[in-house]
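Here come two complexes built around chain A, the first alongside chain B, the second alongside chain C.
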Partner chain A sequence: MRGTLTQFGWKTSLQVILSVILARLRLRSRYKGWLLLGLIIPIVMSAIIIFLGRALGGPRAAENFFLNTGTSNYVAYIILGSNVFMIVSRALWDFGFWLRREQETGTLESLYLAPTSMMLILTGVAIYNALHSIVNFFITFALGCFLFRVNPLQGNIPIALLFLSLGLVPLYGVSLLYGAMVFKLKEAHALIRMAQWVASFLMGICYPISVFPPFLRAVALLFPPTWMSNGVRASLLGVGFFFGTWYRDLAVLSAFCVIMPLVGYSVFLATERRIKRNEGVGMF
Partner chain B sequence: MIQKLKLSSLALGSMVKKELIIMTRYPVNFLVSFVTSFIMVSMYIFVTLMFAPQRSEGSLAGVGGVGMFGFFLSTFFSSTLWEMASGIRWEQYQGTLECLYLTPASKFSSLVSKVIPNFIWTGFNSLAMLLFAQALFGRLPFHNLGVAAYIFTMTIAGIFGFGFAFAAFTLLVKESAILTANFLQFSLYILCAMFFPFSALPTFLLRISRLIPLSYCIDAFRSTLMGYPPGFPELLPIEQELIIITAFGTVMPLLGYLLYKAAERKVRIEGSLGEF
Partner chain C sequence: MEPIIKIRDLRKTYFSKERKGIFRAKKMAIEALKGINLDIYPGEIFGLLGPNGAGKTTLIKCLTTLLLPTGGTAWVNGYQLEKDEEMIRASVGCMLMGERGLYWKLTGRENLDFFGSLYHIPPHLKRRRIDALIEILGLEDIVDRTVETYSSGQKMKLVFAKALINDAPILFLDEPTITLDVPSAHELRAIVKDLNRRGKTILYTTHQMTEAEELCHRVAIIDKGEIIALGTVEELKATINREGVIKIEGVIPSEAYEAVRLLSGVKEAALTKEKDLAKLIVVGSEPRTLLPSLIRTLFENGATIEYISPAEVTLEDVFVAKTGRTLDIDTRIK
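== the complex of A and B ==
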């Protein structure tokens, strides 16, 4: 199908997605300090926990950690946790804050007036986020391992990469749900802060979710990033998969890949429709 | 003189009231800051459980003391830094900073008023956090309350001064201030060992820590509340730390305010006060 002014073919759709990615990349590249901060935060976060652990456990820190988690390599465990957390956090920021910024700068209505689907624009935002997150993940993981003198090349790296890349899909479903919430409640900063803390708590940056009481553990298991985080750690550090083997855990994550984007997008559409009928999308 | 003081406090009261009205218009923000305090404490506890398997209530309370008292001061530090930086920035964004300067009200009051409502809320949150930690860790040590209160007051005064200096920096560098606030916050979390003992820091970082007055405040505050157990305070004997803290609490507000006035004069001469 060829694209016209009102009807988009696959080529023009791809162009829309590419334009959104480029626009986001350009905007991000204007704030180099923020790029640097994105690399530093997971390392600082890991350092706080590592120093705390060393102070608590002393020379037996690794042994104690092994008894509780199944690996004595607590440094890699924590660096991985912080990095996966940053991926989650960045996805929420990039969706929630992007929507809010567009509202505040008065450009959201213009985007809705453009002869394209919102789905394509959101896909562009998601791809930009995935690129940014994955590049940052590798740099900070390598940097963290270098600073704390840990070998980054251990365990089953291809399986870890599989968990990491597949885990991004349901994450964007969650982000869409979250975007709908920002749309409705407006207070993006507060909601993002809340979501960051809840996410870091549920997915266990520095502890396995087995420490939770049963109800909380069930809630954590319904949160897709928990599977991503555990999958990456289990593949690299051998801490054990939730269902014993990697392919079973990966099957659960794949199910999330189907369910979460569908749920997220339908909730987003419903919220968007309601807002269009009432106060309008640009109102903040 | 009395009339002038009366007018100043009236202006400060009105400014605080305005900030409070704005704060209450964002109820989710209130709820979030309250809930996150509890999440932070719970996470801290899970971390301690990972590294310290042999625990008796007493030892866990000691561990909790180091982290929680540091946490307590860190919330005030973050809140002041952010309110000073983002408060000025927000007035610039809204285009109201120049209007504020055109009123005959004190600029000092305008700065302080940005922090006070948040400060009260932070205090309430931090106390709730300590009570929650006490319920989970067991009884936290609360010794030498008088000395601890003195250290707290001086630290807060010093942090206010630091906030003034940072507000000056915000006037000069504008958007980069928010980024710098982030950098500062995260660096000082580590360098001032806010959530762990100084003994956990590598030697080269400890050397930098010793150059920052806030490190002595954190060290003295938690050591005093814990009743000076062996090895605490970690940086210097308490008498020497108290001298540093007193100097920090008296000199820093003056220095910060002088820096703010200098920055203000500079941007007014350049005509960039309201620019963003």
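== the complex of A and C ==
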């Protein structure tokens, strides 16, 4: 652009995304305790449920679990559930809550002052978050399997990875929807905590959604992480896909991949415009 | 000459809620800008002078697209608000939110690198620009430390560097010296003058009259969302030069202040109090004529005078003459 160093183009747009990823990585690396906590929480969460299962089910725990879920490997089932839940939780906190955190620290106005689309910045944040979540998923899954003596290399791993990575796309759509609500209502903690617990309930961290009454099951099926969580478990543990085969379930998840980001981004844009019309993005 | 910033009937109303107990709230509208019309020309340092809450920051936020105006429009570097938002933001460097606009867990260099990328500056130009800014602002010793370890003044310098990152033709500087010590503020003003010499147009907001007098080619005095005076510093001072200014310090009760305001020959008076010491600025007819009756009125109403003198007209006196208040008064609606 004439008179400035700014040069719009695909290369500098890509640079925006990479810089956001790098900045998130640098910022996160300066909170090492937080990184460690991200690895420990899913294992502790799994351990609580696994030990409770053993206490309640006794020596026949695995058999009972098989009757309800289609797998006797309840340990891996719960470790996978906890890990997928951590991905959902991290998306809500690190992506949905990200705007609010930037607002509170005063850097959000700096981002809005830059001549770059918020879409590019949000893409960078989402990619960083997805990479962080997937790396954490593998580490905690391997660690959990090691601690509870479960074989991590079972089932159809490529299909599980497909469900895991594809499931992240609609998840960021949902998170953006929440981000927009948080941005407007400024009740970040209450909203995210509520979303977190609703998510954990609907996606079935430690139970199959087949145990729900029909109405609740229908609601759970409208929630994309339910498909991600079940897809990963079905691929690795053979608990069964909702529509019988992996590609049918994957087709549903793909539809969510198109719908949810569009819905999330449209709501976000409308909210952002509303806020700019009144108090402005920096007002916290 | 075509203005580089053209503002036409720009209005901004905030909608807020007045709390009436725990659950009840009444909607209220706050008019922050009431139809601003202004032209700023290329190469000017234009001062926006006004007390806290006058609308200075709101005006800058509208011009940088952080806020959408309620009415009216503006053109910045030829681009119109709401139509060319990214082009406007690429045309300006802005120092707005003091030291809060930085990532405190990143180093100074990492901050500049990050924001340089957000401004779509190609990597080779970005590296050169960052090195140049580090040199211009003397950041060599701190730039590789995390910002959390900086003093307030150092943070402000880095925010200033961030505003200069894309070498934009227009700079918006909102109270840039507010947390700086005297030498640092002096240094920053010298850099501002130098940038202006290199052709930058600068919109500089402040509530310190001396700063505006030192730096600005033209000044607009803004109060309660309206421009109440506009011109060069000399032109503005000349508007009250036919009158005179008397400055008084001491213990001045409110009754004495009210009595002074009613005196014949007094055009406006403004009182500020700091602990026990009060400062009274009186704008009125020829000081020598006014002085005896002024002293008498103050004594009769219980005032103790520690200092009294006819004074040179300053921009603050212009503000007092127009509003009856000093620039230190916070006019924000709470």
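To be clear about the criterion, the second predicted complex is superposed on the first by the 277 of 284 C-alpha atoms of A that agree within 3 Å, B and C clash if a C-alpha of one lies under 4 Å from a C-alpha of the other, contacts with A are read in each partner's own complex, and residues count from 1 in each chain.
To be clear about the criterion, contacts are C-beta pairs under 8 Å (C-beta built on N, C-alpha and C of every residue); 3 or more make two chains touch, one makes a residue touch a chain.
Every value quoted in this text rests on a predicted model; they were computed, and no experiment measured them.
Peer 1: Once the structures are superposed on A, label A:Thr123 by its partner contacts, choosing first (chain B), second (chain C), both or neither.
Peer 2: Once the two structures are laid over each other on A, A:Thr123 reaches no partner at all.
Peer 1: What is the contact status of A:His189 with respect to chain B (first) and chain C (second): first, second, both, or neither?
Peer 2: In the superposed model, A:His189 contacts chain B only, not chain C.
Peer 1: Would you mind listing the overlap between the chain B footprint and the chain C footprint on chain A?
Peer 2: Touching chain B in the first complex and chain C in the second, residues 31 of chain A appear in both lists.
Peer 1: In the complex formed with chain C, which residues of chain A make contact?
Peer 2: That would be residues 1, 3-9, 11-13, 15-16, 18-20, 22-23, 26-27, 30-31, 105-107, 109-117, 121, 273, 276-282 of chain A.
Peer 1: Tell me, which parts of chain A touch chain B in their complex?
Peer 2: 31, 33-34, 37, 40-41, 44, 47-49, 51-57, 61, 64-65, 67-69, 74, 185, 187, 189-191, 193-194, 197-198, 200-201, 204-207, 211
Peer 1: Within their complex, state which residues of chain C touch chain A.
Peer 2: The contact residues of chain C facing chain A are 14-16, 61, 64-68, 70, 77, 86-91, 94, 96-97, 100-106, 110, 113-115, 117-123, 125-126, 129, 146, 162, 165-169.
Peer 1: Spell out the residues on chain B that touch chain A in their complex, using ranges where they run on.
Peer 2: Contact set of chain B toward chain A: 26, 28-29, 31-33, 35-36, 39-40, 42-43, 46-53, 63, 66-67, 176, 179, 182-183, 186-187, 189-190, 193, 195-197, 199-201.
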